[in-house]
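In what comes next, chain A is part of two complexes: it sits with chain B in the first one and with chain C in the second one.
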Partner chain A sequence: MDLLAYALQVLTVIVAPLVVGLAMGMDRKITARMQNRRGPPVLQPFYDVGKLLSKRPMLLSELQATFAGAALLFHAAALALFVSGSDLLVTFFVSGTGSVCLVMGAFSARSPYSFIGGQRELLAILAYEPVLFLVVLSIGMRSSFLVGDIQGGLLHDLPLVLLALVPVLVVLLEKSPFDVPTAHQEIISGPYVEYSGPYLAILEVARWFQLAFVFGMVTLFFWSGDAVISIAGKLALAFAALFATIVIDNASARLTRENMVSFMLIAGIGLVAINLLVLFILKGSI
Partner chain B sequence: MMTLESKMRIRSPWIMHFDTGSCNGCDMEVWALLTPRYDIERFGAMNRANPKQADILLITGPVTKRCEDRLRNLYEQTPEPKLVIACGDCASTGAPFHNCYNVNGGVDKVIPVDVYVPGCACRPEVLIDALVLGLSKWREKAAGADKEAEG
Partner chain C sequence: MSAGELLAVLLFLVPMIGAVVVLVGRSVPVIKVTVAAVTVVLALSSVGLLLVLASRSFAPLAIEAQALYPLSPVLIVADLALTALFIIIGWRLRSMIIAAAAALNLALTVLLGAWTGFSESDPAMLIDNLALIMALITSLVGSVIAIYSFRYMREDPRQPRFFAVTLLFLGGMNAAVFSNDLLWLFLFWDVTTLCSFLLIAHDGTMEARDAARRALAITLGGATAFIIGAVLALEQYGTLSISDFPVAGLGGLALLPLSLLAIAAFTKSAQLPFQSWLLRAMVAPTPVSALLHSATMVNLGVYLLLRISPSIVNAAAINWLVALISGATFLASNILAMTQRNAKRVLAWSTIGNLGLVAMCVGISTSLAIAAGVILLLYHSISKALLFLSVGAAKEGLGSEDIEAMEGMRAKMPFVSAALFIGIFTIVLPPFGMFASKWIISSAALTFPLLIFLLGVGFASTLVYYFKWVGNILSAAPGSRRVTLRADPLPANYKWTLGSLMGGAIVLSALIGPVIRYLVQPFIDRHFILPVGTNDLNIFTSSGEFPVLVLLLLVGLIFAGLAIIVRPGEEEMSKPYASGEDFDFESRGNYFASEAAVMQGIKVSEGAGVLLVVLLIALPIALEVM
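Let's turn to the complex of A and B:
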């Protein structure tokens, strides 16, 4: 591989989570405007992470720090694999390991609140990972499992699969109606409850890496031969997905955890199945 | 020159509210801060309801003897740097409960307080003022530390 392409990939792995951080700031601003508030500055997530890093570190057990670091490493590795154009399935599983590390971190603190958060995070993983897995499979079967080889036609052939990613994003962005793990009115911050200061900042950055990977999957659906159009289209598609989750968040109240699992599995798997079935009938192959 | 650290700290004050036996008058005004009308999220403030992730403690009520240990616990669980704002007359001085056998008569009898907010109940506008005053204390502290470093 030539040096320039390599440098570009390293740059993307560094910049992508920062873009997600900026998107989180835009999310808070747009949400505030929808509720007729002024809202925080767009750079607020960066202020928050900077502030958290400067707080006095506090831990309940050493394992908490270990799992927070592991979550960051796995999510960063997943994004690096994705950007370098390797196998989408491997990327998915590495990212999934990162999510499990968050749960292990929650379980490693001896606190009932942290345990409830961990259990609920496990339920959320049970709800969104199968859908995400099927999305990965359908992208792979339609085009290629290697991210580097995926080209156009996904949006045209798999529109319902893209639609199935929206509820996945709702869960991952901790938004209503499926903000079950971190339910603000009820158990406050779920798996994050016993984390504070720098360690919470590490988990927040890990989340940005994870979201960068999932938004990356959304961007796969747009492709054009022209690099500029391709990048602009990819960003527009990712923003449209984010905006959809913000609208859903502001227009709905939280549902129960059973509702989340059953809706995600029925609607998510259903959408992917219908899409693949129609594609099979129309084209004779997937 | 302020350090980047203290700049970020001033822009991201996460709050935690604790009721130490208030009549709920001040509590409703504290919650009103989060509504679209007062919207303290524009200062970057968020209600975390978790001492471990809070920077600013908004304490209401005259601190009953039963609440004393809990208040001290919450204060100790909040990592430094932190601010304590005593919201309302009860939290500031114990006001109507003066000399009562079952109250401590003010938050500052138990934990150090940085800003006192008068009023029964305290008004949300004054609470916002108190928040901004508390943040400016941090700014002064940061500037003082810089001067010491230079001198």
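Let's turn to the complex of A and C:
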């Protein structure tokens, strides 16, 4: 039984990023339909990664490869910690280290667009990390930070905290209005500009792992005693969050850096604060 | 005299004697031999003291005043002489504030002396695990800084003065953390004030004198708060012995001594609104900055807070104010650090913020938080010393302390770059030592939910300013000629001192389990219920678990693995993409705020700090009146 649970966890760590890849494909399809286009096949992200892997490696600095690999491994480690039911706070910080590795990779290639992209990515981290941190702490405040111990009631108690996760997802999915770091029309995909071929594929997969962790946090909000209902509800919730970001993406234009940071911090922190305050008033304790 | 007592006395007396020898000897060889001998004694004695305490399963070691008989009369005279000296200094600097504060201090010291009949409370010195941790930091990190100074200060014409004051500083610091009698602590508190004044003024320039004057005015004002607090403590609690302070049932005026001691601590640790002296102190030579920020001085303030934390914890009326002042300091300093382009100023704001975090832990007032504070203080000292000394070494090579001057430094000065990376990683990233305490603080702050909002923004800002800096160092032009780590022409002195701190930071990170169990836990256990658990591999709190060694192993594997897999030279090197143009660029800017905005930010934070500090004094009085 223990071995089975262990195998199931390993399987989840492998499958979850693939599901995210599939969701990226659906994202492109839905976005295309919203814009009256046909869009690429749903499996396009996998074709892309496959194609990139087959290309000739080119770099500006060998450190780029090191940091790309480190980003992948840190994000994968974060997902593994999350799936194995470890401390959510530790998981959050490990995932943050992965994001920092992307920044360092961008800086280690001395290139104007990459440099600006790195600086902007840092600002994006400044914008979403505090909100994500507060989401993690609000979840832990109820009983425990151990993912394995978190059970139902999150959606009921912390609906605004879930709402605060949506702009975070917008930043992480590199969508308007917060696609500041990677703005392809302005700075040609920023931190990724000097990556190509297999290294770009590594970064793309790293992003899938990162998103799997953050979407995993979204799924924590739904819980049911019945395993089937639980899994169906979790997937529905994650898809709803993804759909919300797609709508926002198509309905908005890019904001400036300052707007991104101030909006994220004010809205995100505000939502969490209001939620905790209301909860405190209703329950007398958090 | 027992072995423990002997080692304790060695720890503060030997550096002081060394200071006299340096002043008398004056020639460089004499200085080097003396300082080297003192550092050896400090290192051996501090580790010896650790072993002695370990052999008595970390029961505190009390030293009666009689055991130090010939010393105590000397100390009384020294106390009065030092306070009188401050009056003279104030007079010569034509600073009314300094002279007035010093005169008040002298009067109150005499009053206290007369009140107690010039006899110390027993035990006069008490060495528990907190004092031991502080002594280890001062002795070991301080020794590394002193040895580093051999090279850094080699062309300085005032070397005898510099090394004498440095040694006196280390001795004074050790004596201060051992002191249990408030009057003794006051004397050594003033010794560190004097030493910092002399060291900041070391260069003798106008700017240095101004900075030193500012530092003296603020920290001497803090000393006045300290001595008034001591007088009130004697009046309210009937004792000057810190270990006899009441830990429960404090209210009204009985809170005032704690408020005043906390304010003294805030001046020493450069918390808002008293932070300006530490920033101006950046004019001093780099080893002085390292000393002030990691081994001595600012640590003493938060040490005092931790020392009186058993009383503060139960003083519900004021501990939230302590948490707010230091929490505001943490937030403001981290935001302001993002706007700085001088590496030493970034580090200065970062120190202020980290000490704020330690003080905030005392304000949160749970055993978990206080444990986190002690851990943070320990690991911060090592990493911060490493960062300052690296900036000093970088300045020798680059001629500048600006972050922008360090652009692409990894190609030219790989050793210093590695030292900076390790210093920054051990401060910011999991699973190194400082991260463990940040993790515990995050859990601990849940009992004070307002603080989690400050923490969130503060932690993210930390990432921004440190990695902006890392980014500049990394940004080396492709194809530029690289110096390998082994061929780095850095002087051997720097390689050894930086190397030992790098090793220390990493090894202690791996040993955090034992550090918590044997160093931090015994102090916490004396006053609080069990907060943090450890089985040496993992750290537990009631609400979470942090697998330190697993993560450390993972990080090690990640980088070792990548170093093996990624072979430089096999890939084709391309040119940077620049829309078809061919140009180099300068990585300027990204400081997000104009000079005026920064000034305004400082003013607003100082205003908030003043308000909260006034409240900290007014609240006990208001409670008494009501």
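We adopt the following convention: the second predicted complex is superposed on the first by the 284 of 286 C-alpha atoms of A that agree within 3 Å, B and C clash if a C-alpha of one lies under 4 Å from a C-alpha of the other, contacts with A are read in each partner's own complex, and residues count from 1 in each chain.
By our rule, contacts are C-beta pairs under 8 Å (C-beta built on N, C-alpha and C of every residue); 3 or more make two chains touch, one makes a residue touch a chain.
Here the structure is a predicted model, which is why all the values come from computation and not from measurement.
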**OP:** Give one of first, second, both or neither to describe whether A:193 is in contact with chain B, with chain C, with both, or with none.
**Re:** both
Original post:
Now for A:54: first (chain B), second (chain C), both, or neither, which partner does it touch?
Top reply: first
Original post:
So which one touches more of the residues on chain A, chain B or chain C?
Top reply: C
Original post:
Where does A:122 make contact in the superposed view: on chain B (first), on chain C (second), on both, or on neither?
Top reply: second
**OP:** Applying the touch criterion given at the start, work out whether A:100 contacts chain B, chain C, both or neither, answering first, second, both or neither.
**Re:** second
Original post:
Regarding the shared-chain residue A:163, is it in contact with chain B (first), chain C (second), both, or neither?
Top reply: neither
**OP:** May I ask you to decide whether A:22 touches chain B, chain C, both, or neither, giving the answer as first, second, both or neither?
**Re:** neither
Original post:
Touching A:41, do we find chain B (first), chain C (second), both, or neither?
Top reply: first
Original post:
Touching A:32, do we find chain B (first), chain C (second), both, or neither?
Top reply: first
Original post:
In the superposed view, which residues of chain A touch chain B and also chain C?
Top reply: 56-58, 188, 193-194, 196
Original post:
For chain B, which residues are in contact with chain A within the complex?
Top reply: 4-6, 8-9, 11-12, 14, 36, 39, 41-44, 48-50, 52-53, 55, 79-81
Original post:
Can you list the chain C residues touching chain A in their complex?
Top reply: 408, 428-430, 435, 438-439, 442-443, 445-446, 449, 452-453, 455-457, 459-461, 463-464, 467-468, 470-472, 474-478, 543-547, 551, 554, 558-559, 561-563, 565-579, 585, 587, 590
Original post:
For the complex, which residues does chain A have touching chain C?
Top reply: 56-63, 65-66, 69-70, 73-74, 77, 86-90, 93-94, 96-97, 100, 103-104, 106-115, 118-119, 122-123, 125-126, 129-131, 133-134, 137, 140-141, 143-146, 188, 193-194, 196, 265, 269, 272-273, 276, 286
**OP:** Sort out for me which residues of chain A touch chain B in the complex.
**Re:** 28, 32, 35-41, 44, 46-48, 50-51, 54-58, 188-189, 192-197, 200
